[in-house]
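Both of the next two complexes hold subunit A, though its partner changes from subunit B to subunit C.
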Partner chain A sequence: MLGFVVRRLVASAIVLVVSSVLIYFTVTSFGDPLADLRARNPPVSQEVIDARRAELGLDEPVHERYLTWLGDVVTGDFGEDLDGQPVNEVLWRRLGRTLRMVTAAIALSLVAAVAVGVLSATRQYSKTDYFFTFSGFLFLSMPVFWLGALLKEFLAVRFNDLVGRRIVFTTGSESPRLDTDVWGRMADYAGHLILPTLALGAVSYAAWSRYQRNSMLDVMESDYIKLARAKGASRSRVVFRHGLRNALIPLTTVVAIDFGAVFGGAIITEQVFGWSAMGSLLIDGLREYDVNIVLAWMMVTGAIAIAFNLVADLLYGVLDPRIRQ
Partner chain B sequence: MNEPETRPSDVAAEELEDRRPSDPGVQPGPTEEGLAVATRSQRRMIVRRFLQHRLAVISLVILVLLIVGSLVGGRLWRYGYAEQLPEFNQSPSWGHPMGIDAIGRDLLAKVLRGAQRSVQVALLVALLSTTIGTIVGAVAGYYRGVLDAVLMRVTDLFLVVPQLAVFLLLARIVGGGWFQLSLIIAAFFWMPIARIVRAEFLSLRETEYVDAARALGAGDLRIILRHLIPNAIGSIIVNASIVVAVAILAETSLSYLGLGIAAPDTSLGLLVSEGQSAFETRPYLFYFPGLLIVLIALTVNFVGDGLRDAFDPKQSRARR
Partner chain C sequence: MTTHPRWLRVLALLLGLSLVAAACGDDDDGGDAAEDDASSQDGGTVVFASDQEPDGWNINTSASSSLALGQIVELVYPAAFRITPDFEVVMDEDLLTSAEMVSEDPQVIEYVIDPDASWSDGTPISADDFEFLWTMSNGSNPDVDTASTVGYELIESVEGSDDGKTVTVAFSSPYAEWRSLFADLLPAHLISELGDGDPVVGWNEGLADPPEFSGGPFRLVDHQPEQSVTLVPNEEFWGEQPSTDELVVRFDVDNAGIPAALENDEIDMAYPQPQLDLVEQVEEIEGVESVINFGLEFEHLDFNLANSHLAKPEVREAIGFALDREAIVDRTVGQFSDEASVLNNRIFLTNQPNHEAHGDDYQSRDVDGAEQRLDEAGYDCSAEVCTHPEDGELSLRLSTTAGNQLREDTQLIIQEQLAEAGIEVTIDNLEGNAVFSKFFPDSGLRADQDYDMALFAWTGEPFPSATGELYISPGPDMIGLNSTGYSNPEMEALYDQAFAETDSEVAAELYNQIDEMLWEDLPTIPLYQKPTFLPHRSSIEGVQDNATTAGPLWNAEEWTLAS
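Showing the complex of A and B:
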């Protein structure tokens, strides 16, 4: 067990380092961090450009710069961005925001997916089942940026008009200069979270509810369910105690593996709702070819994906004793 | 997914079918060439099963209309997407059903152009990734051994790199053109198909009709092209259809983020992002491109679902 974890972690670390080499060299060979300076009008003198070069350490060969970067990252320092600000500061603040959105979206879509999956499976081929199947397909086919904008226009504006107060916010992750107690802050966070959570959660809800329905159908056909029925267990007991508990096992792995994908999908959601979080960090970093920013994003996201993949594998063994051997 | 007993052909039937390219309307009598009847009725059964899936058939009709309309619509409309007209900032009228924007371009022409680009990207990505995936999977599954190991490690490598970061970075570097964008998207979409085709080939290559073909002197290429791929075609087609849906969402998302197709060219994603800012004055500029994306992706998904049922009724009964 421990050996498995260690082996997986070592392999994942190698993948991360290889990817970081790839990205470091690609960004530095395509992007010119001085392009901004060179394009300035009136033109900047060569001395200024040279000084800036030296300041950013661009005179050193790329592989030496990479090794310096790697050495710093191992100690937990992601270096500075092109403006000379430490990446760490902005990174952790923005990671917190993105995790807030991602966690809420996953929690919501998970609960909804399990409920709908069980409902559809126990009423297979009913009107309810067809309705949820169709809506699942619809959500799978809807671009997040479009759904998000629709929610903004309809849900938020209508709802706020209805209650006569601004409860559902459409932009940002929190109100600026918020000056209230803990509860006021929580309410403010929640008001900003509602729409992004719905938009981001829709796709995973659709995929997971289909998955949960299928695994529930599989389980309900198994012999131990027939046995439980034959013994006279009540229908709800059969569905929830015998069926659902077993049908949840495959879903846990899928959810853990999908965590990385939801994190990635958050880039677009953040853009729609104007959150200054991990997504805009990456987009801006890419736009300016800021190698330290892009790499910091990749390392953190990669580490999260690796961690959740590992959790998925371990959970599977914990939940299903048959796998453990 | 790959039960050999549900597979259609055996070698003799294939050969007969080859020699006699018959017209589909005429059904040969069951007494003469019973094997040919078996093969063709298999194919016909797939078509019939698909036609029974009413939603899939309706979706296919809508999808074909959407695709054809997107590809040729821009050519039929009297204004070009980049054409500067003397008027600007016009509301919708008979001459300009969607109005004219602030710099004098007909908005319907722009929307048609965007639809054309998005559909082009989606189709090209599906074609490229299916081709690459099928070739890689076929070679790996058929030859096994070292070649298989190498190809599958490469596939794994593509799956484990932090895809999104590399993907967005490449999009940023290449930028703009729809062709380059399609190449990049396809480069990240071929792996699932490669794995599926490999798995199918690993089991199909052990079947008797492959042995028979080999005994009759068929070469590797002939076995792969005439015997293995036709039998794996169900999974390939179903996955290609899924790729179309995912690719159109990927392209529009990229363009929405400003990393995909860039002005002066346009795509449905870019149009949505532009339409969003003009929501108050011209809401249809936001709705229409978005609805097109949803309709294309939705109908593709339904068609894919219908195809899956048609090719593999056994799986669908257990899975649905």
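Showing the complex of A and C:
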């Protein structure tokens, strides 16, 4: 097991380095980080542009710049962005926001998916089952920006009107000038989290609930469930203790693998709800050809995807003893 | 049933923990500005959604200079002159009691500073601060990052008298637009302090975070990176105090999210690039009014004169004839407002006092005229695309910023219109600012340009001399900001004359002559001014759009809130 983990980690490190090389060279060869400065009006003099070039080290050959960057990253330093600000600071701040949204969305969609999956499976072909099947496909096919607009109108503006208080927010990850105790902060954060969580979680919920329904159906038809029933175990005991526990195993790995996808998918949700998090970091970084920003995003996102894939593999073994043998 | 809630509990706990962690962890975000314990009071707060966060706070450096920053710090940094919504340049009566040209040759300006004017730390605003801005901006020290040396490089001396309250500025050669100088003054003594005694370091790096000092009606208090910055009244301001308690500028509102945020009371005003559906949605919101105006940015079509087709004046004229600029306006910015119009002057925009419409030959579309011009230049237009015996098919690339709806629409209309005159246009766009590297390549050399026709915007200026860089040739191989490669010694002589002309009416006449000359040679064709859009809650009284560089917050100290 330990050998497996070590082998995987080494392979992952190689993958990360190779992709960082590719991205470094792509970003630096396609874009001019000084384009913005050049297009200024009133104009900026050539001396200023030359000075900025030197300051950013753009005069050095690309491979040397890459090696300097790699040397720093190994020590945990992602360098400076084009404005000379340390990348680490902005990276961790934004990562925190994205993780907040992604964790909440995954938790919510996981709970809903399991509940709906079990309900649909135990009442297969009932009206409830059809309703959830239909709604699942609806969420699967709905673009986030459209769902976002609906949520803002109905769950924020109208809901707040109805209760006469502003509980649900439509933009940003928190209110400006938030100056309250921890509880006030939490309420404010939760109010800002509701809509993005629902929008981001909708697609995973839809996919996972289908998955859970099928896995539950498979399990419920297996011999040991029939045996449990024949023994005279209560229905709820059969469903939850014997059925659900086993039916959760495939979903666990799917969720772990999907974590990376949800993290990446958050880019659009962040945009729709004005969250300045990892998504806009990448977009701005690409727009300005800020190679250190783009790479920091890539390294963190890549590391998260790799880590959760590893977790998925390990979990499978932990949850299902047969795999280990 | 005792087993299944366990994982539920774990999930709930995780979710709760992530919230708590976030709530506690973000505590250290706000530490960079002055601590301000006044908790936000409702009723006195105005929240403005800005689409760009400043990336530094010294507006006088090239690294930080931006329109968005200028629109915030004009409430904090004192300036000798301000620009009103009708493009007039007026003395800031809070800072100065007079500013006069006391001698024309040599040009000497005398500024008298209000005796009460002082920085928020109590130090009087004085000639030292004028001198400091000049020394940093005159380009004499290559280590200083300067946004623009224009004007400052012509100053010979800045001297203080009267306890520093009278500033005498002498120029080495006449500079007509002296009123553009000494905007965004900084406290010399505090900037040196920020650089640990070195003013250059303080200037270049000291204002990475919002300054605590102020010399205007507001001061900056609470910067939450990527989210917001807050302005509160500067209690030490000697002029009239603002009546709002707080002005919050938010950076976390997506343009498309503005209507919902307005409706949900999360913001009170915004200044987005207008899009038709955005304007329509905002108009439906109760208690919100909006103003549509035509601002300083204007779109124009540029010709790369190095292209063998476009080097021929007949081809450029043919394009001018084949374009129906009226139709372009109707189908783009005309959708926002009936007041949208074709722009016929590159130097003075329609809302500027010295505006004159030129380009009489190109007021209505003339496809036959276009074909005739091409015929004169030796093109054979019997096929769908005209062909030149030496230069081949008249097929030109048109480049603009991909993703900019307004520009992409304009581009398609141009393509369609030119096709009717036998001119083939292919689209060659790049995302965002990347496209500018085609017009202004890294090397700054003409040979490295990679475009035929360009569509982008210049920001007009209340001070027309700035347009010089766009049309004067910096040398045969160099681009500078003259992306077309146009060069005309006669016009350049007129610019020199206008730069030095201190009588602004005579100067305006010269600038209008320059524009007429540009219509004659046609290196560029101006299209239209871009609309500005300022939705704001009706309860904020005194909001007025200032479509110049000053922006919507220009008179924020005068706003009052109706309860």
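Here is the rule we go by: the second predicted complex is superposed on the first by the 321 of 325 C-alpha atoms of A that agree within 3 Å, B and C clash if a C-alpha of one lies under 4 Å from a C-alpha of the other, contacts with A are read in each partner's own complex, and residues count from 1 in each chain.
Basically, a residue touches a chain if its C-beta (ideal position, glycine included) is under 8 Å from a C-beta of that chain, and two chains touch if they have at least 3 such contacts.
Predicted model only: the values in this text are computed from it and were never measured.
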Clash or fit (per the criteria above) of subunit B with subunit C on subunit A: clash
Which superposed partner A:302 touches (first subunit B, second subunit C, both, neither): first
Touched partner set for A:163, first subunit B, second subunit C, both or neither: neither
Partner chain(s) touched by A:275 [first = subunit B, second = subunit C, both, neither]: second
Contacts of A:172 with subunit B and subunit C, given as first, second, both or neither: second
Partner chain(s) touched by A:17 [first = subunit B, second = subunit C, both, neither]: neither
Subunit B versus subunit C as contact partner of A:145, first or second or both or neither: both
Which of subunit B and subunit C A:54 touches, first, second, both or neither: neither
Touched partner set for A:153, first subunit B, second subunit C, both or neither: both
Subunit B versus subunit C as contact partner of A:294, first or second or both or neither: first
Which partner reaches more residues of subunit A (counting touched residues only), subunit B or subunit C: C
Clash-bearing segment of subunit C, relative to subunit B, as chosen among 129-137, 327-335, 435-443 or 525-533: 327-335
Doubly contacted residues of subunit A, that is, touched by subunit B and again by subunit C: 30, 145, 149, 153, 271, 287
Footprint of subunit A on subunit C - complex, ascending: 1, 3-4, 8, 11-12, 14-15, 18-20, 22-26, 29, 39-40, 47, 55-56, 62-63, 65, 139, 142, 145-150, 205, 208, 222, 224-228, 230, 246, 248, 250-254, 256-257, 260-261, 263-267, 431-434, 436-437, 440-442, 444, 456, 458-459, 461, 466, 469-470, 480-481
Subunit A residues touching subunit C - in the complex, by the definition given at the top: 30-32, 34-49, 51-52, 83-85, 90, 93-94, 96-97, 99-100, 103-104, 107-108, 110-111, 145, 149, 152-153, 156-157, 160, 166, 168-177, 179, 182, 185-186, 189-190, 193, 236, 240-241, 244, 271-276, 280, 287-289
Subunit B to subunit A touching residues, read off their complex: 160-162, 164-166, 168-169, 172-173, 245, 249, 252-253, 256-259, 269, 272-273, 276, 279, 286, 290, 293-294, 297-298, 300-302, 305, 318-320
Subunit B partner contacts - residues on subunit A that touch it in the complex: 15-16, 18-19, 22-23, 26-27, 30, 137-138, 140-146, 149-150, 153, 214, 217-218, 264, 267-268, 271, 282-283, 286-287, 294, 297-298, 301-302, 305
